[in-house]
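Each of the next two complexes has chain A plus one other chain: chain B in the first, chain C in the second.
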Partner chain A sequence: MMDKLKLAVFELTDCGGCALNILFLYEKLFDLLEFYEITEFHMATSLSEGSHYDVALVTGTVSSQRDLALLKEARNHSDYLIALGTCATHGSVQASVEGSIREKLKRVYGDEGNPMRALDSKPVVEYVAVDFALPGCPYDKNEVYQVLIDIAKGIEPVKKDYPVCVECKLNEYECVLVKKGLPCLGPITYGGCNAACIRSGLGCIGCRGPLPGEVNPASEYEILKDLGYDDDYIIRKFKTFARWEP
Partner chain B sequence: MRYIKLPSENFEKFFNSLKAWGSIYAPVKRGSIYSFQEVQRAEEVALDYNRTMLPPKKFFVRPRDEILRLKNGRWENGTDAEPIVLFGLHSCDIHGLKILDKVYLDEPVDPYYKARREKTFIVGISCMPDEYCFCKSLGTHFAMDGFDLFLHELPDGWLVRIGSVRGHEIVWENGELFEEVTDEDLKHFKEFEERRANAFQKEIPQEGLADMLDLAYNSPVWKEYAEICLACGNCNMVCPTCRCYEVCDKWISAYDAVRERRYDSCFMENHGLVAGGHNFRPTRLDRFRHRYYCKSYFDPSSGYNCVGCGRCDEFCPAKIEHVKVLEEVRGSLR
Partner chain C sequence: MIIELREFTRVEGNGKAEIVVENGEVKDVRLKIVEGPRFFELLTLGRHYYDVPDLEARICAICYLSHSVASVLGIERAFGVEVSEEIQLLRELGLIGELLESHALHLYLLVAPDVFGYPDAIRMATKHGELVKEGLALKAFGNRIRELIGGREIHGINVKPGGFGRYPTVEELENIERESEALLRLARRAVRLFASLEPYGEKAEHFVATDGYLWGDKLISDENGSFHYMERIEERSLVYSFAKQSRYKGEPFFVGALPRLLLKAEMLTPTAKRLFEEHREKLVTGYVSYNNLAQAIELVYALERAGEIAKKLLDKGIKGENVPVEVKEGEGIGYVEAPRGVLIHHYLIDSEGKIAYSNIITPTALNHAMMEASLFKEARELYGEADEGALIQRLEETVRAFDPCISCSVHIVKL
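Right after this comes the complex of A and B.
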């Protein structure tokens, strides 16, 4: 039997959901354990026997010096690093709060300075090169399952190349944008969630961040304006999970 | 072709008799869209629907289809083909299937498509166009074949055209439900068709379309539309003649997997990507234009790859209209 791959899960600043989501694979975790041993995961093991990891999953944003140090440690000691969840791939909610970190600290803590050595929240991908980015708030746990088994078998995981609309149509959900005028960001949002929100009759809120490439946020903006949504609302909607810098 | 009449009062009996062939799938209303779903009773069927969101293609090339299964290190065939009845297809969709037949039944034959196609009994139904339909100008508003039975609405029942040996058999077995067609019925049939012909609000002048597209590759109109197109792929996903699919493997346990194929769209990054990283259609402009050429140009000798069903218009979030785009492109050449 070949040696198992060493898997690490690192958590930076986030709600904890993305790390926990791995445990929610329940019995499917045992499939992963056929190929991996977990050598670092504060939610699942007291082991912390660093130095080298074959695969590292990093969740959360870089929001403090501690996060940055941990991220560098993870990057330097792993062969394959995956930015997991929208915090890590796009910055998510905390990174979308605008303004400088100084002003924000002052608003909350007054003149206490910066005791926790906070940084302006940014996604992992802005600090280090990653081997794979898997967005979602939280990401679809089956996706990380597929990616980890692919890697274990020596297959390069395939990046999704389509927006939420594609899976929405595969499921034949009624289009809430066209038929109900709901503000749906599906046409410009990275697919892979299987159109979970539209299944519930809601518009996509863009939690997986923008699909890179040829999608057209400017046109989406005009469409929402035509439907009667105002500038401020649309911009806030666009910026909830990612800082659009078109 | 043989014509017979199904009086209204026998409709339900006729409908139920089809269950001898297999489960019945028919258009039903779901929210503000229609969808082909399994139905038990005739009253569930939306007989006056305009178009379903996904075309009947979904029964032959499924949106997601597990074509193979990896079990104990061996690949096994994963798909099934049950006999079904597709009830209530419009003429455009029957033409759409005929276009798909050319792709999937020509060598090399797609075994999944073929098995399902052979086991499906198709009942067509007449319709009145809405503001999106333009099948008449493409000649796809009437089907001469591609169905087993075709029902045309009459004031007191249905004029039934029999389109296949299987259709004959079903009618034969239920002979007591049908009557001979009278001159009066034929008159009503013609009146319906005339009313219908006059109800079309949209048409695509097919004349010279291929020549026009030959010259129009660099038309500025493509660029104008590529600015508003979202590249979301909705138009491809709902089109009865789009035939592109993606194949991917999915792990279902540590050692077992399924090979799934699913609808793809030429608006997506990987569609034009080839080995070595070259992409034939890197920009939205390339992709937008490509779709129109695929629908109207590549092989005009075998007919156009558009049947005028209007789905792409109805479900485009950017409200881009197929016929309008082509007309503007034509206009830009003048």
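Right after this comes the complex of A and C.
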């Protein structure tokens, strides 16, 4: 029997959802364990026995010196590193809080010092080179399953190249932007969530970040302006998950 | 001398503890929340109210719906919006799904390995596969409810001020009624298992909960009368932790499953109430480790209550009507029982519907002082008596009993 690949999950500062979502694979998690041995995953196991990882999943933003040290550790000891979830790929909501770290600490903790050595939250990809980036707040759990199976089989995982609108159309949902005038970022957001928000009859909030390439944020901006949303509202919406300049 | 323990495992988020030893005796214990600060209250300032519940959901994945609902309740109170019984029941159903998902994760995947002596549930599954499967079945059912009410297993956006984006169908509610009854057997077995745990940690002297079982208008405590949080709870910053620490009239206190049972036993469903009575003698001692037994009894409560709610909604027929929300200046507080205890969202909203003030206090921050007191007690008893491995194991178990949600705890602010 072939040796199993060593898999690590490293959690930096985040909501815990991207690590949790792996556990939500349920029986598919046991299918993954046919190919992988988990040697580091502190939410799920008290064992920590790795010094080299074939695949490392890193979730969260770098928000403290502790996070930065852990990220470097993960990068230095893994062959294939995946930035998992929008915090790791784009910074997500916590990186959109404006102001310097000192100012923010003062406002929140009432203290001008920084004894815990906090940093302004930034995505993993700003600090290290990654081998694959899978966004989503949270990412679709079947996507991470597929990516890990692909890697185990020696196939480079496929990047999606279409916006949320494609999945919305495939599901035959009514367009909430055109029909209801709701602020929907579906036309410019990286697909892969199966249009979860539009399934609820609500607008896409852009949690998977901008789809690079042919999308047209300027046109989305104009559509939202025509619907009566003010500049401040639109800009904040664009910037929330991915520091997205209209 | 300061003994720095490694980061806790099998808890949500990143935290560790320091034991301060002087002359061979434990003098102090510090619970260090090392998860980076996330500044959620700053994030919501100036935002339009409509987008806020979706942003607040991101505070925590395990209890995102509790954050969405607490946020929606705070916003609705600020605007003076009253929703229908149907909307209230559906929100409660969502919170029940979250309770099932969160308690099942905690009890079966994080605590049960301690009971059987394994480092994790995956390795435990080789000998206790049936038990792990039962836990996953309960967890998956909780998540299906979260998806139905919240719109997604994690970070859904379906819960909105005034109602929902999408309402469940008759068939979906029938499934909930059927499945909740079928799973009840598993939850009753969990109560037997966790009743075998021994007492450890500190005995809590004060308990705090919301006045309803899963949410309320105010807080209640072991003393008489209901109150708003700022009347009796103070927060303070610590130099060694990103989480602030709260005290009830200057004392450590306890929020969570055990406090809920002790303060609100009369609201329980029939089987849950019977199980509570059966284990009452243990539970009233207030040892924090009995929180795990209380969580198991709550699994029974949640399944019975989910069935009751589904039946009630089916009998009345789903209308699926949202209540109109009229923007006006106001102030509102949302109180919800997240699976691990009281959660508070407090907002001031301006006349344009934008957030002007925001304060969020999470259960892990409320329990922080109680956690330290419990670690101190265990460290004092075991230091010098047990080897370091056994000491660390017991301290981890003690923290785990609170089911802490460290990610939630790191952005506690007053502006």
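Just so it is clear, the second predicted complex is superposed on the first by the 242 of 246 C-alpha atoms of A that agree within 3 Å, B and C clash if a C-alpha of one lies under 4 Å from a C-alpha of the other, contacts with A are read in each partner's own complex, and residues count from 1 in each chain.
Note that in this section contacts are C-beta pairs under 8 Å (C-beta built on N, C-alpha and C of every residue); 3 or more make two chains touch, one makes a residue touch a chain.
Just so you know, these numbers come straight off a predicted model, no measurement behind them.
Upon superposition of the two complexes on chain A, no clash is found between chain B and chain C, which fit side by side. In the superposition on chain A, no contact is made by A:Leu25 with either chain B or chain C.
Touch criterion not met for A:Val125: it reaches neither chain B nor chain C.
Put chain B and chain C next to each other and count what each touches on chain A; the higher total goes to C. When the shared chain is aligned, chain B comes close enough to touch A:Tyr162, but chain C does not. The superposed model places chain B and chain C at 110 degrees from each other around the C-alpha centre of chain A, with the value given to the nearest 10. When the two complexes are overlaid on their common chain A, residue A:Leu227 makes contact with neither chain B nor chain C.
Applying the stated contact rule after C-alpha superposition, one finds that A:Val178 touches chain B and leaves chain C untouched. Looking at the shared chain after the overlay, A:Thr61 reaches chain C, while chain B stays out of its contact range.
Per the superposed model, the minimal spacing between any CA atom of chain B and any CA atom of chain C is 13 Å. On chain A, the patch touched by chain B and the patch touched by chain C overlap at residues 30. Against chain C, the residues of chain A that register as touching in their complex are 11-18, 20-21, 23-24, 26-27, 30, 33, 38, 42-48, 61-64, 66-67, 92-94, 96-99, 104-105, 107-111, 113, 115-116, 118-119, 121, 137-138, 141, 196-197, 199-202, 205, 207, 233, 236-237, 240.
Looking at the complex, you find that chain C touches chain A at residues 7-14, 34-43, 46-48, 51, 54-55, 58-62, 64, 105, 109, 113, 119-123, 125, 136, 139-140, 143, 151-158, 160, 164-166, 237, 239-242, 244, 396, 405, 407, 410-413, 415.
Those residues of chain B that touch chain A in the shared complex are 30-33, 35, 53-54, 58, 63-64, 227-234, 237-238, 248, 250-251, 253-255, 262-263, 265, 267-270, 283-284, 287, 314-318. Those residues of chain A whose C-beta lies close enough to touch chain B in the complex are 28, 30-32, 34-35, 145-146, 149-150, 158, 161-163, 165-166, 169-172, 174-175, 177-180, 186-188, 213-216, 218-220, 222-223.
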